[in-house]
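Shared chain: chain A. Partners: chain B in the first complex, chain C in the second.
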Partner chain A sequence: MTDTVSQLCTLLEPFNTNGTALSAATDISADLNIDSVTVMDFVMEVEDHFDIEIPLNVLSETRTVADLAKVVEARTRKG
Partner chain B sequence: MDLLAKLEAIAQRHARMKALGGDAVGVVNEKILSPTRAIIDGRETILAGTNNYMGITFDAECIAAGQKALAEFGTGTTGSRIANGSYALHTELEREFARFLGRKHCIVFSTGYQANLGMMSGLAGPRDTIYLDADSHSSIYDGCTLSGAKLVRFRHNDAADLDKRLSRAEEDGGGKLVVLEGIYSMMGDRAPLADFIAVKKKHGFQLLVDEAHSFGVLGPHGRGLADEAGLEDDVDFVVGTFSKSVGAIGGFGAGDHPYFEYLRFAMRPYMFTASSSPASIATSIAAIRKLAAEPQRRRKLAENSARLFEGFKALGLELGCAEASPVVAVRCPDEPSTIAMWNALLKAGVYVNIALPPGTPNKLCLLRCSVSAAHSGADLDRIIELFGAVVAQGHGKKVVNG
Partner chain C sequence: MQSALKRSTEAGTAGSVTPTSNRSLAQNLGGFGTLAEGLDYAAKGVTGFNFYSPRGQLQSVLSYAELRRQSMSTARKLLSLGLKRGDRVAVVAETGPEFMAVFFGCQYAGLIACPMPYTMYIGGKDSYIGRVAGMIAAAKAQTVVTGEDLLGHISEGAARAGAGRVLTHAELQALPEAAAKLEPFRANEDAYIQYSSGSTSSPKGVLISQKAIMSNTRGILRDGMRITPEDRAFSWLPLYHDMGLVGLCLSAAMGQVSVDFLATASFARRPALWLKLMSDNKSTITYSPSFGYDLAARRINGEAVTLDLSRLRIAGIGGDMVRADVLEGFAAHLSVAGFRSDAFLPSYGMAETTLAISFIDPDKPIRVDTIDRHALKHEGRAVPARGSHARSFVVCGRPMEGSTVEIRDEHGAVLGPRAVGRIFVNTPSLMTGYYNNDEATAAVVGQDGFLDTGDMGYWLDGEIVITGRAKDLILHNGRNIWPQDIEWAAEQIEPLRDGDVAAFAVENDAGEDEVTVLVQCRARDLATVEALRHEVSAAVHRSAGVECRVVMVPPKSLPFTSSGKLSRAAAKQKFLSGEIAELSLLTLAAGSDSLEAVH
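Here is the complex of A and B:
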């Protein structure tokens, strides 16, 4: 588990109400059974934790924790 | 793969709702008796979930104006204003609204939803960024998506959070649009406009306020939150709807920008849809003149809102926000108990809105009331009494525990 993935899993834990084992392969919306608004709330926490901007429109192709980690890493390097 | 298979979870959720004794999202008003009364399930019911803030839907002059337009201009316009041309009524309505709002320009849309789709997508493009409040209405989210702009969401009503996100942004040469609402439709709270305008002065963005629930309601002239706050000069664009205080259907966008009129050729939700029907436009013209001439409607609404808000507070109910507004939301423990309480309220003769996630912020389950200037004191007391019996006494708790 990369450092970004493990940090994302920690941030995701409060949204994990069905006790899913979190990993890079976790599908954030489908596996955790959380709705679109909750996903956006989670992304806001991620933005603040890494102090980066993740525009909502870049998230359409982002399903798993690994997908989100790629977005975070690309945006952290930029800054 | 069946395309509709993905609706399975929705079907199950709806079945669970109906199994609790009613269909809170499929109510049929068999007859509408007045702005505050309907026949539902054969029973006369007090309507407290209609957004009919001014109680203007049965106004005799508005009805007469609609009937006259129906006879003179026909049942429909059969096309868009770009293709078919405008009716004199459309341009008259735009002039009336611009005058009421004290703005140079006003464009009317066929619905309030389209007003937001049109304004977001007309103002911002793929090179721009829209900063939207986390609790924004779906029409704002959808308009942002249609615009192709970069979308950044900030924490609800938190000007410091917007400031932080603007500071975090890289300068990319694009424009910046910030979108707020006058009164938020679910919780009834107002945007802290002065705080946001301080951030505007620091960062220099363009500001749009959606006054859907505050137009006709707030401010000395009834123009909304910016009017109430005395900050209209700092707001670049105003959006609103005819389906609430105006009692018709349609929406508007307004502003003073010299290029504002050219938005007509840049907003697909304006260009590629039929214009509003003559009757709807005519009743809107009559209604806006009434709202200008009869400020007592706003005063009555404020009085009624305070009465319901204070009555609910005295029952110990947990409300959506700390300030009285025509949207009074009651927080409930969970979905089954909210449905059970909604059913009990309807059977006892009062209709309110049920609001469930993801249509609500922070996964809240709400029984949402909207107050009308047409509610009588007795109506409001009856609503308070029923909420006391059904909600404060915890009808719903049985469902939670058992």
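Here is the complex of A and C:
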């Protein structure tokens, strides 16, 4: 597990109400049964934690924790 | 949240917001023939729109004067493309100055703007592209304008819909201005197309005329909100939705009211920013579905005491069933900030009537009517009651001046007080029709000119009380979700077929719609059934962005009408009565050949 993935899993844990085992392959919207409003709450936590902005078009192509880790890594490098 | 609030207090980069009042321009509340005429007037003053960043910094300021200048320039650029009067221009309605210039630019150019949504869901790319493609096709729009970031998504949707031209805002603004004299829409012409109605698979564009939008904004400004020069609005509502576009954007412009905007996605990430910025800006008017108040109250935590919401005189509610318990919770949380619960303003409306149908008196507190559940469900009567068999509804006010509302029984007879029936409306704000879809229009607008709203309700002392919907539509956090879309998404999964899925809302005790999806399941082993359940849930998430309860039911258990259409109402009724029950997991685990549901 990369460092970004493990940080994301930690941030995701409070939203993981049905106790799914989190990994790089976890599909954030599908596996966790969290609705679209709560997902945005998680996105905010990620943005604040890494001090980045994740645009909506990028978010729409993001499914798994691994996808999100790629986005985070690309954006933290830029900054 | 704390860090976001702290950051939001840092100095903005766009100077200062537009003033609240026009000192040298008399306020004119919607006394105009067209949107362009209204903007011409507002442009003589100093008020306008202000846009905040996701972290709450002032990002751009667009006075009505500047908006008019940019709109007229954009109109000439659009006309340089050779567009003809009445041609449709689809534009992604992101909350920002670029969208405003295109929307009002269309007004000056005599073009029909079609505001389209932006993508909001994690992993939602494919369903978004399908959605915009359907909208572009339904409007027969040949020209589509978008921000740079959504260009890929929109180009794909436009190609699928056969739209020839996709432009970014930058490309549009780089065009030369046509030399022709601008001929804005006249009072007897069309204004824009609103998509708030219809499923993804067959979206319907609501065609709104200048007459309709001007009558509705006038009603909102004068009767609904009783606007004064001291008013200042705040909105995080999406501009592709009728409540966001008409309620706190077009109405405000037609009344020369300054508006401070936070993009919907920014609100969703940081709901407390809404309250913080309203405190900073001394906002007097805002609007939200019930869930928005709930979200903000839960996120504000200890910060509430630092806020001043004492100027807020209208906290409008619309877009979903108005929920008294949520409003009480918000008022209790925010009373420390000076929020007064008589600011709540329940209202009722829909895209087909431009927006507003009824408002309560803005000077009076909300009124809750508590009635007997059994009499409501089985006798269609609203009988006052108390205790555990009772249910509360918020009264949504009187029809706006010039509008006639009738509540009718199933035979069309007009009902009196406390009798529950279907709500019909006749209003000068009525849509011209669904664009290019006479059949759909005829299905809801009768020969007598009344619109069948699809909502159920009753009269109480001349005010409307909404009890629910007659249609299959699912309401979730202020959004309309079409069961067809959920079913279609689920039916794409192997081995499900057309007709294997029924989606409907089951109302819980709190009055919220819970999405329930019945799936006819032919598999017999537990692992396969659970995998299918998971896939259906995931597909529903991606297409509609909602949590749902997936119930696996035996094959051939879903009811169909004689014409072969799935009957959701019958499926729901059979599910609630236990006639259709979930496949027994024990039976499945045992590998039994029997697929009988265990009762």
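One rule holds in what follows: the second predicted complex is superposed on the first by the 79 of 79 C-alpha atoms of A that agree within 3 Å, B and C clash if a C-alpha of one lies under 4 Å from a C-alpha of the other, contacts with A are read in each partner's own complex, and residues count from 1 in each chain.
Just so it is clear, contacts are C-beta pairs under 8 Å (C-beta built on N, C-alpha and C of every residue); 3 or more make two chains touch, one makes a residue touch a chain.
Since the structure is predicted, the reported quantities are computational estimates derived from the model, not experimental observations.
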The answer to whether chain B or chain C touches more of chain A is C
In the overlaid three-chain picture, which partner chain does A:Leu56 touch, first (chain B) or second (chain C), both, or neither?
both
Looking at A:Ile28, would you say it contacts chain B, chain C, both, or neither? Reply first, second, both or neither.
second
Report for A:Met40: first if it touches chain B alone, second if chain C alone, otherwise both or neither.
both
Residues on chain A touched by both chain B and chain C 35-37, 40-41, 43-44, 47, 53, 55-57
Chain A-touching residues of chain B, taken from the complex the two chains share
129, 134, 144-145, 148-153, 155, 165, 168-170, 357-358, 361-363
Counting only contacts in the complex, chain A reaches chain B at residues 35-38, 40-41, 43-44, 47, 51-53, 55-57, 78
In the complex, chain A residues that touch chain C
27-31, 33-37, 39-41, 43-44, 47-48, 53, 55-57, 59-63
Spell out the residues on chain C that touch chain A in their complex, using ranges where they run on.
3-4, 54, 118-125, 128, 149-150, 152-153, 265, 268-270, 291, 295, 477, 534, 537-539, 541-542, 545-547
